[in-house]
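In the two complexes that follow, chain A is the common piece, with chain B as its partner first and chain C second.
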Partner chain A sequence: MNAHRDIMTGLDATADERGSQKIDHDIVSALLVFGLSIALILCSRFISPALGSWDQVLTVLTLASFLVVLSFGQGLVILIGGLDLSIPALITLGGVLTTNWIGTGDFGVWYLLPVILVVCALVGAVSGVGVVWLKIPPFIMTMATSIVIASAALGYTNGTPRGGSPSALLWLMKERFLGVPVVIYFTIALVLLAWAIQSYTAMGRRLYALGTNREAARIAGVTVNRLELAPYAISAACAGFVGMMLVGYSNGATLRMGDSYMLPSIAAVVIGGSSILGGSGTFIGTVGGAILLTSLGTVISAIGLSAGWRTIIEGAIIVAALLVLRGELVVRLGNRLIAWKR
Partner chain B sequence: MKLFRTLATAASLTLAATIGMGTLVQNAQAQDKKFKIYLSLSYSGNAWQSEAANIVKALAQTPPYDKTVELKEVISGTDPQAQISAYESMIQAGADGIISFPISSTALNRTIHRGCQKGVLFFMYDATVTEPCAYNVSYITAGFGENTAQALVNILGGKGKIFLSRGVPGNSVDKRHTDGAMHIFNQYPGIKVVAEYYSFWDDRTTQQETAKALAAHPDVDGIWAQAGEYGAIQALLAKGNKLVPMTGENSDGFRLALADPKMQAMGLKGVSAGSPPATAGYAFKLMMETLTKKRELKPMNIEYPLPWVPADQVKLCKGDTFADGCNVFPASKVPSSFVTEVFNPQFLPELSLQSALEGKPTPGATIQPLPAEIKQAPDAPGINCSNCKAPAGEYKLTKIEATVKP
Partner chain C sequence: MSTASDTLTARPLRRRQSPLLRAIVSGTGIVALIYIILYALYAFWQPSALSVFTFTDLVNNSTPLALAAAGETFVVISRGFDLSVAGVVSLTNVVMAVYPLQGAGGALASLLICCVIGGVVGAVNGILVARLGLQTIAATLGTMIVCQGLALVILDAPGGMVADFVTYKLTDTLFGVVPVAGLFLLLVVILWLAFRRTDTGIGLYAIGADEQSARFSGVAASRVRIFAFIAAGMLYGVAGFMLSAQTATGNPTAGTPFLMLTFAAVALGGTSLSGGRGSLIGSILGAGTLMLLQKVLFSGGVSSFYTGIFQGFVLVLAIVFGNAVGWLLKKEERQ
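Right, the complex of A and B next:
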């Protein structure tokens, strides 16, 4: 048992020079993404005088909060080399169960909200079982889960989800404290917690090890199979929670409420500096990616061009941002930071 | 050799069984003459689509159709190829009629044409096709865009900054609505469209896109919206305690808001019009009357009347139907995204709220005949006909008059 524990501490990043160097690069790229978002919001003043204001920042952060929560789960799945395509269906599941089981009457809200999250996590765990033990590629397994869950939701609601939002969720999404929407405080707290889990706990470090080299992680004593389940369950719970947030945001659920989040959830992770092949990246970078994508959407929609052109510009900026973030700049800034630290 | 003999016996047995079953099925059909009707949806999952499908299902179970109609529902998704292959299978299976929401106005034409030649009746509801052998039943030509635009212009006194919340990019219905609206807005130099975005006829998307547009233009004076309009109200409410005049479609949430004194005090005025799911029920009854030879009807474009409910005419329903001219349900009965126009006391007296929500027939109801008269729709190129010309005065106002001179 002791030997086992020693191997685990061996995975700790502090003892590993290469590890710390890699994290520094990650932090540089995260800082750059945040810088880019801020620059984008400031520059948007040239498009419309109302842009670049504190109010716009709050709008962007509120809209980005959905993507931030989603991309934590998606990021963990990508970290271990998988991909979660069941996110839209689980958003719908979370939303539909919230309006159907709890609804405007606040029936049992304090225990039913956690129960719904557990239901979503279990669905994610089923995807995980398919991937880990039945060796079905994550892409196919999560897609299958997605189809089953979406169809179950259609059958369960007869196509028209009933009920509205519990008051607790309305409070979360609509109330303001000191002029700032409550959901922004909430998201910041969640980000700090998630960042700590991903970067500083043993589980987080093991996930990095698993994503870098599964076989090596296994030999080093990581119980790979059980560990590989966790990201799928967490991702599903995150999606279910976003379903709840969306219910509060627009006071109701629809069966297609998650559709527009599939690709952005992956894009936020990749723009934030993670490798789509797994094993690298930080959650702070992903948060930056989510905010960058959302602010870009806000600014672009204010340009007085036709919809086709707006989408072309949006695509071009995303590619350009990726090239800048990946390139020499990150490496050079990172190296300087390391030299300065020494 | 023994294996071969076993296989041969098995094969002949299967063949005999198949033929036998075929004869049985034929006999059964000859005896009670059930009409084989297919309901073909392109996609499902939003309130409008489910309500329209539920109405058809409820009518098919209402006597006497419960005994004479065998209804099968097929949902094929958002790409035309899937719906083409769904139609093909229905024609193969010997359909008498196909009632459908077509995903494309042109892509399905060849398959429909082949089906018509085999004697299948095609009734399209809401969305339309340009194939002349199909029946189109729709409100599209009834002038949603121009009438709502004029209503907004009247309220704004002919000047102000407005948003356009549109539908699905590239869709012929969205184009017809927006063309009609722009025909009006362009006549008023004081009206400035400061933001135009696609909301995919969805509440949530409308809310997020409107929130983005509000970040750039907090001083907007009015919103012209297609379906999803309740999302625009939510976006305005999230921003502060100011609402602006708005036109939109038929969601329960929007109608309740229009009639709410609190919302009115915050600045909400407007009109609710647009696409009624009841069209599906009207199309189904027309098809059944044609199939049962109660009505002589050649393939044509039929116009469903445009619902038109200004704020002062919103009336809360006490029961589960549109009785006494009521046109909205309390929030406790239906979600805000519920599309209210599921009823039509004249065309569809058989329906109640349970029909629209769950596809169940109303207890005790029987199918009532439709009024003999039907309204032919004007030609709309690319929407309900190809190689045709729109009549002069295509965007003539029918529901409202201009109170402000351009």
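Right, the complex of A and C next:
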């Protein structure tokens, strides 16, 4: 547990006082991901002087905040050995309901925003029920939810969502406080809260137990069925909230607004060092993965290559990052770091 | 995916049951039943459904998805997910549209090129997963993105023209009754039936059920896995080839809708997503069912906006039904 705190105190993994030669794989992995993102942003100065500036860092962080929120939910679902494919549909649902029910008039914004989040969480809970009690593979259940919700949103809006953003969301996404966008403070608070929930609460530890070995967790007294619902509901609520953030960011909703977030939400979790099979990984690593992916995207798009080449480079870098961050390699590197410091 | 493995993979040998009963309660049997029921509904609402023309049209529409789902089945049985299907279909579609080769010989050459493209992508996936130890979703996500990028480099906006021979002959019928596209599917099914009896075929199921014990039993696990990815990639290539015959034009994002639909088709066909159990034939029927469902809903007067709601429910119901049947059988056995 000490090692977890080190990330916050000084990015210094060697302060680990357990006296063990082996260093926690998660920590090194998270540090590497953060290091890569920082290096990427610094190096981008060579490409164009406009890059690597404070403003660009803020832009990257603002864009990354969508992915950070999403990948918290996705990460929890992956942690228990599932996969949430309903994220794009729930982003759209959150966005469409926000513009349709509230809109620019700020009608009932203080109770309708939470209501929309609850609606999204309920949809996620339905996926969870299908997975837990109907024994449908998570992959298929969330995909089915996704198809149904996307279709319902299409029918509900007759193909073209109307309405704009409530002013509260515009304030969240556009306003600055002390020169930094409000959303960044908000995301940092959310990250700390989410990190605490995942790593330090009883529920978080039980989720790890569930993801590592379901049967063992059940025997150890974890109410597995009820617990397994939570990640799906949380993930859906996170996606719904990102829908709201996107409404504030672009002042409106579209039916395809969530599509481009499906694969990045999984990629952020995997790059952050979690196993896709569940039971391992930290949220801090995932946050690093989200920031790395976003900064990669902005740097690549600034190079001025055609869309095709940009995509190729992005794919190649994802594979390369995965190869570099592979388990044994990271552990070996971490152990060498310790040995070298001593 | 742990929940699925509890109920689906651990099926003991059932010697007492007749082969017929086993075929009916297997995933393939269930999806075949659903297909027949849907077709009956379709014929009821639209009597022309029984004509050769409508049937050919249906087969033509379903073939690209069916081939892609057939390919995905290899990887899913070996316990993995292959996302590169979307990239390979886009890439081959674009290649077909930008470099059309005329005539029968040209069509054959194009088919070979598509197979080679898919095979190379599959080999890269296989090496990344089996030799370098990446997770299947992660590795194939990377190759999928690279392939989509390559497709954009070759053709940056929808356009191009697929060779006439491919467009006309491959969507036609043979002797006025047999859809040519259907012959492709038949060939794949025959190859599959032969393959699943080979050592590699048995090894495929073995590594999907339990890689560790398969390895101890002498299965060359990583070679079988690489083979599965290559076979899958080649089938995606053929799927892209047949899609080009359908659309007659190129689109750098043509493969994107395939990503979700192939997995839906595979699951609908009764293949366990946690590996070790399933059939390519079921996946082909699953793909056919998804496409047929759209037609049925349209002929039944349902607004196309709401098609997805029905697709989602059919998907869930098919799996719940399969689970329930499996559970009942298990219970019966215990008694």
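Note that the second predicted complex is superposed on the first by the 305 of 342 C-alpha atoms of A that agree within 3 Å, B and C clash if a C-alpha of one lies under 4 Å from a C-alpha of the other, contacts with A are read in each partner's own complex, and residues count from 1 in each chain.
Note that a residue touches a chain if its C-beta (ideal position, glycine included) is under 8 Å from a C-beta of that chain, and two chains touch if they have at least 3 such contacts.
Because the structure is predicted, anything quoted here is derived from the model rather than measured.
With both structures placed on the common chain, the touch criterion links A:L154 to chain B and to chain C. Once the two structures are superposed, chain B and chain C can be ranked by residues of chain A touched, with C on top.
Contacts of A:I47 after superposition: chain B is touched, whereas chain C is not reached. In the superposition on chain A, no contact is made by A:I38 with either chain B or chain C. Shared-chain residue A:G163: touches chain B; no touch with chain C. Legend: residue contacts after superposition of the two complexes on their common chain; A:L255 is shown touching chain B, with no touch to chain C. When the two complexes are overlaid on their common chain A, residue A:L246 makes contact with chain B while staying clear of chain C. Residue contacts after overlaying the shared chain place A:E314 against chain C, while chain B stays out of touching range. Judged by the touch definition given at the top, the superposed model places A:I184 against neither chain B nor chain C. When the two complexes are laid over each other on chain A, chain A has residues 150, 154, 158-159, 307-308 in contact with both chain B and chain C. Touching chain B in their complex are the following residues of chain A: 44, 47-48, 50-51, 53, 55-56, 59-60, 62-63, 99, 104, 150, 154, 158-164, 174, 246, 249-257, 260, 297-298, 301-302, 304, 307-308. Taken together, the chain C residues at the contact with chain A in this complex read 1-4, 6-7, 81, 83, 128, 132-135, 137-139, 141-154, 156, 252, 260, 263-264, 267, 272-274, 303, 305-309, 311-313, 315-316, 319-320, 323.
Contacts from chain A toward chain C in the complex involve residues 81-82, 85, 130-132, 134-141, 143-148, 150-152, 154-155, 158-159, 214, 263, 266-267, 270, 275-278, 306-316, 318-319, 322-323, 326-327. Of all residues in chain B, those touching chain A in their complex are 44-47, 49-51, 53-54, 169, 194-198, 202-205, 207-209, 211-219, 231, 234, 237-238, 331, 334-338, 357-359.
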